[in-house]
Structure formats: C-alpha cells, structure tokens
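Presented sequentially are two complexes of chain A, the first with chain B as partner and the second with chain C.
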Partner chain A sequence: MTGWLQSVHPQTLRVTALALVLALVILFFGSQIDNYYTARMFNRISTSVAIILLIAIGQALVVITRNIDLSVGSIVGFTAYLVGDLLVAQPDLHPLVVVAAAMALGTALGAVNGLLVAYGRVPAIIVTLGTLALYRTLLVEYSDARSITTANLPKWVVELPQATLFSIGNLDIRVTFAIALGVALVVHLALTRLRAARRLYAVGSNPDAAAIAGINAERVVFTAFLLSGALAGLAGFVFLARFGNITVVAGLGFELKSVAAVVVGGVNIFGGSGTVIGVVLGTTLVDVIDNSLTRWALVSEFWRDALLGMLILIAVAADTLMNRYLDRLRRRRHMSELSAGTAPLPRETG
Partner chain B sequence: MPEPVLAPPVLTLAGVAKSFALTAALADVSLELMPGEIHALVGENGAGKSTLIKIMTGVHQPDEGTIRLAGTAVTITDTQAAQRLGIAAIYQEPMVFPDLDVAENIFISHRDQGLLMDWRRLHEAASSQIARLGVTLDVRRAASGLTLAEQQTVEIARAISLDVKVLIMDEPTASLSAHEVARLMAIARTLKDQGVAVLYITHRLEEVFELADRVTVLRDGRHISTRPITEVTPDALVRDMVGRAVDHFVPKAAAGPHGELVLRVRGLAREGVFTGVGFDLHAGEVLCFSGLVGSRRTDIGLALFGIQPATTGTIELDGRAVLIESPEAAMRHGIAYVSEDRRKLGLAMALPITANISLASLRRLLGKLGLIDRRAELAMAEKHKERLNIRTHSVALEVGKLSGGNQQKVMLAKWLETEPRLLIFDEPTRGIDVGAKTEVHAIINDLAAQGVAIIVISSDLPEVMALADRVLVMREGRQMGIFAIEDATPEGIMSLATGERPADAA
Partner chain C sequence: MRRLVRWELLLLVILAVTIVINSAMSPMFLTIGNQINLFQLSIEKIIVALMMTLVIINGEIDLSVASMMGLAACAFGWLFQLGVPAGVAIPMVLALGLLGGAFNAFWITVIGMPSLVVTLAMLIGFRGMARILVEDRGITGFPEWFNALGQQPILGPLPLALLVFAVLFVILLVVLHRSGFGRKVYVIGNSAEVARYSGVAVPRVKALLFIASGFVASLAGLLYTARVSAVRGDVALGFELDIITMVLLGGVSIFGGKGTLWGVLLSILIVLNLRNGMALANITGHLQTGVIGLLLILSVLVPNLVQSARLSFRPGSAAR
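Showing the complex of A and B:
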C-alpha cells in the first residue's frame, strides 16, 4: 500500500522532488536558449549563487526556528557600503580583517533583530520589516548620496570575483563560489552533527515541547538571527567585490530572493525542518531561472519577480498538499486500528 | 539487618491545597505513591485531578501542603525541576517534536552527551529504551508519521530514559483503539515491574480494575478515598465519584407534552470523532448531552451548528432533510450555538456589549444607505440588558470587562436576537458563579416554555438533572443511551459514561 511513503522522511521527498524540478528547468532552458550549456553561463550563475546562497543559509537558520528575517537585503547593502567606505579610507587592511569587519557589522545588525524577536517577543515579521526600512534609511543618511566606485577599491577586492580556485575542464570554480559552498558545508555538518544546532529544529518543531525539554528557546532564536546577520554581512562583502560600484540600493530585494530560495528549498515556513542541501538546490533553482530569463527571448525579464513570487507560492502549496496527504494517511491508519477492536455500535434510540 | 516490611513511598503529598481566584481547586489532598505500584486516580470532571497533576509536575505551586520525594521535602519549581526529581507526565495529546526522529525525540532533554551527535549510538540507545517497553518501533522514523499511540510510546520512552521514578499518565487511552490500549497497559505493567510508581488517571473504570493496585477518588477538590483495588467494587467507586447528598439532585418535574418535532437526527457521524448518534427533539424540550471529557459531546454540537460538519448521517428540521455545512447554513435554519469557549467562539472581548449583541443579526439593523442604525442597536442591547438582567452600568462597556456570568448572558442575547428555533448551549454555566448559574437555568427553562427546542451540553451532573427532559449519554464518540429524566439517576448516567455499564443496559 502507501505505507512506504510514511517511512520516508518528508524532507527526503522534498529534496528529491526539488532536484528533479531543477534538472527539468535546466533541460527546458537548454532547449530554448542557444549556447546555454557554456562555461560562461556556469560562471555567471555560480558567482551570483555565491551571494544569494550565503544569505539564504542564514535565512534558513531563522526560518527553521519558526521566524523570518526580512532585513537581510538591507544588511547586505549596509555592510557592502560601509566596508567599501572602510576600504577606500584604509586600502591596506588585511583581507581577513575586512571579512571579519563585514561579518561583525552584520552580526551587530542581526543582534538587534534577535533581541527584539527573542527577548522582546515581537513577531519576527514585524521586527525585521521595521529594520529592513530602518537599516536602509540609516544607509541613505550615512552615504550622503555618494557612491563607492570600483576605481577607489584596492586591487585585490576588484579582482576577487574573477579569482579562480581551480578549474574542471573549462568550468572555473571561483573563490567566492567556493567560499559560499564552504559555508554551506560547515552549516550542513553543524545542523546534522552539532548537538546545539539540533535545538534550532526542536524550537521550530514544537516550542511548547522544547520548553518542557529544558531548551532555552530565547537563546536559540537569538543565535539564529545573529548567524543570519553574520552571513548577510559576509554576503555584503562578496557583493562589494562583485559589483564594485555600490550605491544605497545595494541588496534591494534580497529578502524576497532569500525567502524564495529557502522555501523552494524545502525549508518549512512554519519551522522545524529544512536542510542545507535543499537550500543549495533552492538557491540554484531560483538563480538559474533568474539568469536564464534575461536571455530567453519569449519572456520579458521584467517577469522575473513575478516568477519568483509564483515559485514561492507553488513551493508552499506543494508542501502543504504533501503534508496534508501524509497526515490523512496517518489518520486513516489510526482509524482503521480504532475500528479493528472496539465494541459494536450502540442501538439506535430516540 | 532487619528487612523493611514495606518500601517507603516514593512520593508523598500531604495536605495540598490550591485555589484559583476565589475557587478552591484542591483542599487538603493527600496522596502516597509506592514504588512499583499502579495507582489509579479517578473523579468527575472538575474534581481536581488536573490541578493535582500540575502541582506534581511543577506547573502550579501548592498554596498549602508539602511534597516529599523518598522522604525528603521538595519544592517543584517547574517542569524541568520535576524531571530532574524523576517525575514525568504523559498526556492524551503527546508533546513530541514532529520533525525530529523517534530517537532524537527520546533523548532531547539529555544534556551530558557531548558536543556532537553520535547518531548510531543515539539510535541504538533509543532502540533499547523502546525495547524496555516491550514494543517495536523504528527509531529512525520522523515523529510526524506516528500514530497517537506511537507518539505516547515515544513520550514514555523519553520519561524512562530520564530515570523516572514517578510516571503520571493523564488519560492516556482516551483516543486509543482497544488494541493500542492493551499495548499501553502492558507498558504500564512493565514499568511497574521495573519499580516505577505509575499514577494512572482515567475515566474508564474497567481499566482501573484491570490495571490498578490501588485507587484514589477525588471529588470537588477533596480526597474522598484511597483503597486497594481488591477492596472496592465498581458501584462503590461510582458512588464515591458522584457522592453528593442525593437530595441535591432534584429532577425536573415530568414536563407536559411537548410541541412538534423540530429536529430528527439519524446515524450522525464525523469521521474519526463520533459515530452512531440519533435522537428526536421537540419544540419546548430540553435534551442534555452528558458524558466525560473526551466523550465528544461538544463535537455533536459543533456538527449541528456546521462548525465541524458531520460526514455521514441525516439531520431533519421540521421533517425536511437539511445539509448543515457551515454556521451560516445553520443560522439560516434557525439554529444558534452558545459556545463554551467564550473567548474563541463566542465574544469579541474588545468590542462593546452593543456590538456583540447585534453581531449575528446586523442585517436587521441596516438603516438608510445600508449603514448600521446605531439607535436601533442601542435599543436592542438595552432590551436584553433588562430581559436577561445583564449587570453593567452601560451597554457601551467592553465585554471583556464583564464577569463570566454576564458575558454568558451577552452571548445568549446575541443568539436570541437571531430568533432561533433550536438553541444549543455548550457548558452554559462553566466558570460562572452560583447566582448567575441559577439565572441562566431560569432563562433556559423560560426559553423552553416559549417553545424553543434546546440542547444543553454539560459535564455538570446536577445541572443535567435540573434542566433536562431527556438525557443522551456519550462515551468516547459513541451514543451509549438516551432516556427520560424520570428514569435517570446520577449513578446510572455516570456508569454509562465511564463504561462501567455497557450500552445495552441503559
């Protein structure tokens, strides 16, 4: 019967379905766009994925705890601009110091979110909608209508996006892409192996039960926002390196992209489940579609956001339907056990 | 060395009392739990069982009395502290993490396990915990795919993995199948053999006699009796549970002939909730649904009002079959539902009395331009304030600021305004004071006299005896019987509701 469906973890189903969809999408665009399977396309998508993936992983950590971080786009813009400004003023800073500064700045901004959500008990959607606007406005104030330009940045920063770690055939694995994959690997290992990280799932899965099990839910949620901020900060630095010219609109709309990547990647928007593998696939899917549409003659690239929105809706709907189906299977099993061994119906009276 | 004759009690409660606001939930309750015993705790709804459990698990602090664990006085500050002391509870609705697998669910509270997850060791340890309970369950499965019974097993495994000394099982079998109940009882016996003290709360007397070594009865927050199971009979137990002075039950005088048939229900069922419900109801008649918590009384009300529609069966109003799939449909047919849950299904607490009363009949208040006629709304509220004796200085007051009894009257006023022919009351007097209770009863009788057909869902036996013309007894989603109030006794209702007496004895 359908019993095997229940023995498979729902997460495995999600990831498998997603990998299939990704393959189909790539095949589809390959048939529509000339010279689609080229090294150039791969490099373009991989450098773009590098940024979104960092943000999406942070977003996933937050969503797993039943929260959401809408301020990530503003954090990316904020750190990209401020770190750029720092580099213009002090071009001789060691690269590691620069990266550390970007992450520290992001962490600080994430801490504000985390404090308000975890300890202030304000809903995450309100807090981060507020800081989305707040951080952006602070940036506009600070920038005073100036831009960071490539010409003023140190050479190593400008060359970073082209830097190749190694090549497979003529596919280049860029340093920034490798960094993002490295982060993904570390977070993946943490989420599956680190005891403390399992609490993210516990808190998101059943907050009441987590409290009874003695898990400090406030600290767990706060930490998730810190990490989301830190990763958005790192993404801000990669953004600076990739584009060089930074204005106050840097990172605009990344909250939508990251939520799309996470939700499409099978992270349950109601918390409790999600994997890094899913997020990597989700990010790739979102970005492949995004980048391919600009080259697809049939559809205007202005449809990109609409398609992103649609993708979110489809992913959430598919997930809900799947869960409802599994739930019904379970209830039916329960009912058949119930009726297997109970007393006969009472006589009809009235 | 002298051998101790009796092991000392593992947990002792002495003189425990607890009040909420002005109501005493527990007064001078004492209880001793021995290692390796299954101790049943029984009592009517509201007898204080839940409060007692919450005190033992640290959810509530007692106002008076002491708790001793193996002879040492302890203060149980929270559920964490209870767990550290070796006291754990499992409930009817299990507290599991649906997204985590069985093994992780079992060991989630363990702290001293190092930085990294050792999945293999975790799964092995979980398997052996599950095996200790004498059941088989794949520890790698996500808890979301488990049945209720399996989730309970996970909870029990979690409790014993923490070296539990006292395991409280709060109506664990309420939603289980016969097969699953047998398995759970086997688990309880296994734990007993391992020296655990099991406090087993249940409404099913047959389970008490099958499982328990001793049984304690609570009634109205007081300790009534604790006896070895060999020294009690089911009858004696029911008497202890009901036990009010018999003259407290004044059955309603047999009513005269009622009006026409209003409602005819046959074979009504909602998949997985209740089944086999059938009755007739005439104009001016009061039918009470009686039964214990979890007997699904309320669900029949929710089905008749279309909140959770029935999946099979027929409902006929005035001889015509009707389909009630939403509250709107129910209201169109002249059905009103006064909910037990005033906060969730009954009232808009932040709105004034006027707006709450007019809420279900706004259409009749529409004046020029389709706007609400405020003056008519005010008049409507004033009328009910007089008629139902709602005590407030102004009908503009927010409903949330009224007492429970007056809130109940506001809710009733709202539904009276729809001029219902069938009025369903769900626990109409729960949480309101005695004075208001008498008033509500008078209002219900008055409405019946005016020819409204009335259903009262109540877990309060004296209330049932005072209001009903006929009583329908539910047990675990099944109709156990229906009889005229002249033929009913509190003991009779209770023994049907607890399953001490089978359905055909009604």
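Showing the complex of A and C:
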C-alpha cells in the first residue's frame, strides 16, 4: 500500500512537495492581494531572489559538507562596500574586472573561514559566528562612517538592475536574475555530473568513510568555504548595483535568510544531501512570503520574521519525520526479505 | 581533566594581566564602584551565559536566548501598555519564558530535530514575535519601583541583577558539579547513545535544560528592561555571540561533555575586564565586538593547535 513511497527518491518527493507549497502560497496571496499577478511583482521578487539565491547556493555547498557559514551576510556587506569604493575611485574599470574583484574579495574572506574550519579544526559555527562579527567590524573601521551613494557610481552599475536580458510576454528576465539562474544551473550540473563535486556529498554524509575512500576531506571543506565566499562576493556586487546606497549595515541578516532558504529547500543540515533545485524553490518560497507579507493588508509586515521562523521549523520537522518514516518502511521491508533469504543484513541509516 | 585545569590556570593568568594593565591605565579601575558597574553593564548576558554553560556541556546549543530576552522585554512593555500592572506582568513574562523554552524542547526532544536548527529558527521567530508586539514603537514610563529594581542597590552596594547572578551561580554550581542531574548532563554531552543505553532519560534532561534556558533568558530580559527602563524591538539583538563566547572561552567544549562553571566565571571576568579596558582606551563598541569575535575563534583554535602539536611530538601514539 505504501510501496510507491519507497520507489520515489526522497529528494524528488521533497522537491515536489516544495513546488506544491510554493504554488499554493502564490495562489493564496493572489486571492488576498489586488493586482498580485503583475510584471512589477515578478520583477520585484526576481531581483531580490537574484541576490539571496547566489548566497543560498554557496551556503548549500557548505551545508552539504556538514558545516555552516554564518559570515555570508558580513561578506556581502564587505564586498558591496569595498567594490563600491573601488568604483568611486576608478569609475572606468571594465565591468568584468569589477565582478572579478568582488568575487576575489569574497573568496579571500571565505578562505579565512575555510582555513580555520578545515585545517584549524575549529567547528564551523564558531568560526563563522566569529568572522560574522569580525568582517563587519573591519567594514565599520574601514568605512569611517562614510557611505557609498548612487550618485558616485558609474552609470552602468546603477542601470544594471533594470537591464533586461529578454522578455517572456510582459515578464522581463533581468540580467541579475539571469546571472543567478546561470550560477544555479552550473552548480546543479556540477553537483549531479562531476566526480569532484560528488566529494562534497561524500564528506558530508560520512567524513570518516570519505577519508578511508581516499578523499582529502580538508580540501573539500576548504573548497566549499571558498565557493561560498566567492558567491557571497558576487552577491555583494549585485547588492551594490541594486541598492546603490551602501552603508555599513549592508547585508545584515542575510546569513539567517540563506540558512532558511537552504533548509526549507531540503538540504539536510547534517550534511550529505541536498539539491540545487530544492535551494532555488526554497529561496523563492522564502522570498515570495517575505515580499507578499509587506503588501498583505490583513497582517502587518511585522509578522514576517515570526512566520519565517515557523516556516523553517515546519520544513525541517516535515523532513525529519518523513525520513524517519521512510527509514522504518525500508527496514521493515529488509526484515521481511531477510526472512525470505533474499536480502543482505539490514542497516540503520540516517 | 588535566587539560581543563591548565586551561583555567591560563584564564587566571590572562585575567591577572588584563587587571594589571587596566589598573595601570586608570586609578579608578580597581574601585568597588567600577567593578560593580562593570558587571552591571553586561549582567543580563552573563546570567544567560551561566545557563548556556549547562546546555553546551549537554552537547546542545541555544541560539534563541537573545531573541527570548527581547521577546520577554517586549511582552512586558506590551502588557504594561495594555494596563496590566507591572507586578502581574512579571510572572506572566516569566511563564512566557518557560513556554518558549518548552517550545524549543518539543521540537528537539519529541520531533528529534537538531537544536542548532530549532534555536536558529526561534532566533528569528522569537524576535519576530517581539516585533509583532511592539512594532516600531519604544515603550517607557514603567513604575518607579520597577526601574529602581534595575538601577538601585538593594543589598549593600549590590543591585538585584548581581544578586540574581550570585544566587544562580551557586544553584547551578551545585546542580552541575554536585548532583546526579549534573552527572547526567556530562554523560549525555559525552555520548547521548551511551547515556541512553545506561538508562538515562536523555529527552527529559534535555527538555529541562531548554525550559530552564528559556526561563533564565526571560528573567534576564526583564532585568534588562528594568535597568534601561525602556523597551524596543531590538532589545538584546545579537547578544548570543557574546554569551556563547563567554561559555566557550571558559573551556567548555562545543561538542559537549567538557567544561566547568568556574572556567566560565573566569572567562566572564576576562571578557568584562577586556571590554572595560578597551572602553578606557577609547576603543569603540564595534571594535570591541570584533575583538570578542576573534577571541571566540582563538579560544578553540589555540587548544586545537596545542593538542596537535603535542600529538606530533609523540609519533605513533595517536593517529588522530
């Protein structure tokens, strides 16, 4: 009777459930808010998803290796400010150089995290809780209470968020959104096709087994933090382009948003499993709720955080309970096959 | 155990050095008034840090404490605005703390979710509830006696919050280091599996600790409200960083099973003196936070490096 549940891969189940919830949420807000299905709303959500998605993908890579990166918000603020400062000083820099500089800066900050976690053997939560404060402090000291303003930035940066790559009907696909989706596609292909990327899962699901299998676990974890930093740096550049006016509080709280997007997207917080498709859906869900609540008349915008917290709890609880249930089913089937003499010994998982 | 004793000795030396440097910088430093003031400025954090010590030794973490402090403060302000007398609002807020702790405990022990995720969600969630209650208002005008509780000395030179700290320290000292419950906290922290097979009621111990943590956080939130005699949505925002730093710097292992309250007391004194010293040297609050962050990383990195250095001097004795 429950046989079909076992034939479906848990990740497929997770993604389907998430897509269903997302559709329901959109339908719900559509019935509550006038003029909800407009091109403007789509643009608003897609440009804000563009930033969080980049961060969330990096976060997912780190979480898959059984770690966490709480410093991403500070890295976004740090790169947004420093790259802005660079552009104010040298407005003629080639756009690609600017993007490369943002990613290099993010990578450098990620490298500090990675070194301490992978080679210093300090737990990721401690390292990144520390660098969350440290990077922000460095930014405050560096900024000296000045802020970057739109007026001082070159024209192409200010116009980037409005730049449209192509349109589907009256929906504009913005360049920044396309960049984020492109990154998502590349990471998705890498995680599903590349042997090197599969090592992230190996290290996350069982570090000891990975080490015995000849995988350099330190290097894998270090690389995950590098990538997370690089993507946060890229997000910092997009953040700069989108908002133009950058103060020292830029990117504050993004670490929690990205962790929320990742766990809602079905990435196991204990590492070893997770998909980019899930992260895309999770990010979109969190952002749709965030952006819709501000326009919902019935509930004040102050409800956002409380609902976000509950959403994370429910998403992870559903995951935990479902895994436990599937595990029990699998073990029961093994036991019955065992008594028939057709199966190897059952093994506890999860 | 020997490593821990050495760690506390190291803390004692660091503390002595900070005190000597600070008192050289300012003759006012070693006066009783300044020392009490020093405690008073972060008293809520250190009260929560005491309870956090037990939670982390138990192998868990509670990231939601600062948001619970904020929620308690905002709930008090909200009730007060509704016309509830402060004397009635106080027990209601403390009950809210118990409830919030029980809420965390439910997801962790009944559903079986990691405390890191649950309390991270409630770091957002409790703060969100606080914002629902007070939105972007500031609430003041509490009764005189309430504000006096936070600001006036009530026993000799000691204000109420310091007495609460002292009493809680003694209670937890007995519970953690002298009672059967305390042994269970260590056993679970070392290995929850071993504890379970030894017949320890693991979920019950964990649930009790999280409920107590919520309660202590709400008490600290009330003390904070009384001290600053005002409430806003961002009360205690980000305090969890300082609180966890104090505990880990005190030699408590983030993986559980190791650490003492005495170590945490020493690290509390170090952090307080460092902040005070930096303030005396005109270092701003933001830079102070950065230094605390650095300290947090070093407090785990240095013992790790020392240990691996020691291992590499004895080849063959231990592979990892």
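FYI, the second predicted complex is superposed on the first by the 333 of 350 C-alpha atoms of A that agree within 3 Å, B and C clash if a C-alpha of one lies under 4 Å from a C-alpha of the other, contacts with A are read in each partner's own complex, and residues count from 1 in each chain.
As a working rule, contacts are C-beta pairs under 8 Å (C-beta built on N, C-alpha and C of every residue); 3 or more make two chains touch, one makes a residue touch a chain.
What you see is a predicted model, and the numbers here were worked out from it, not measured in a lab.
Once the two complexes are laid over each other on the shared chain, residue contacts for A:V97 go to neither chain B nor chain C. In the overlay built on the shared chain, the residue A:G272 is in contact with chain B alone; chain C does not reach it. When the two complexes are overlaid on their common chain A, residue A:R198 makes contact with chain B while staying clear of chain C. Contacts of A:L27 after superposition on the shared chain: neither chain B nor chain C is touched. In the superposed pair of complexes, A:I125 makes contact with chain C only, with no contact to chain B.
When the shared chain is aligned, chain C comes close enough to touch A:L313, but chain B does not. The touching residues of chain A, when paired with chain C in their complex, are 68, 116, 120-123, 125-127, 129-134, 136-138, 140-141, 256, 259-260, 263, 269-270, 300, 302-310, 312-313, 316-317, 320-321, 324. Residues of chain C that touch chain A in their complex: 61, 107, 111-114, 116-118, 120-129, 131-132, 135-136, 241, 244, 248, 254-255, 286-287, 289-290, 292-294, 296-297, 300-301, 304-305, 308.
The touching residues of chain A, counted against chain B in their complex, run 6-7, 9-10, 192-196, 198, 201-202, 204-206, 208-215, 268, 272-273, 326, 330-331, 333-335, 337-343, 345-350.
Across the complex, chain B meets chain A through its residues 79-80, 83, 95-101, 104, 108-109, 111, 113-117, 138, 141-142, 144-149, 176-180, 264-267, 271-272, 275-276, 278-280, 478-482, 502-504, 506.
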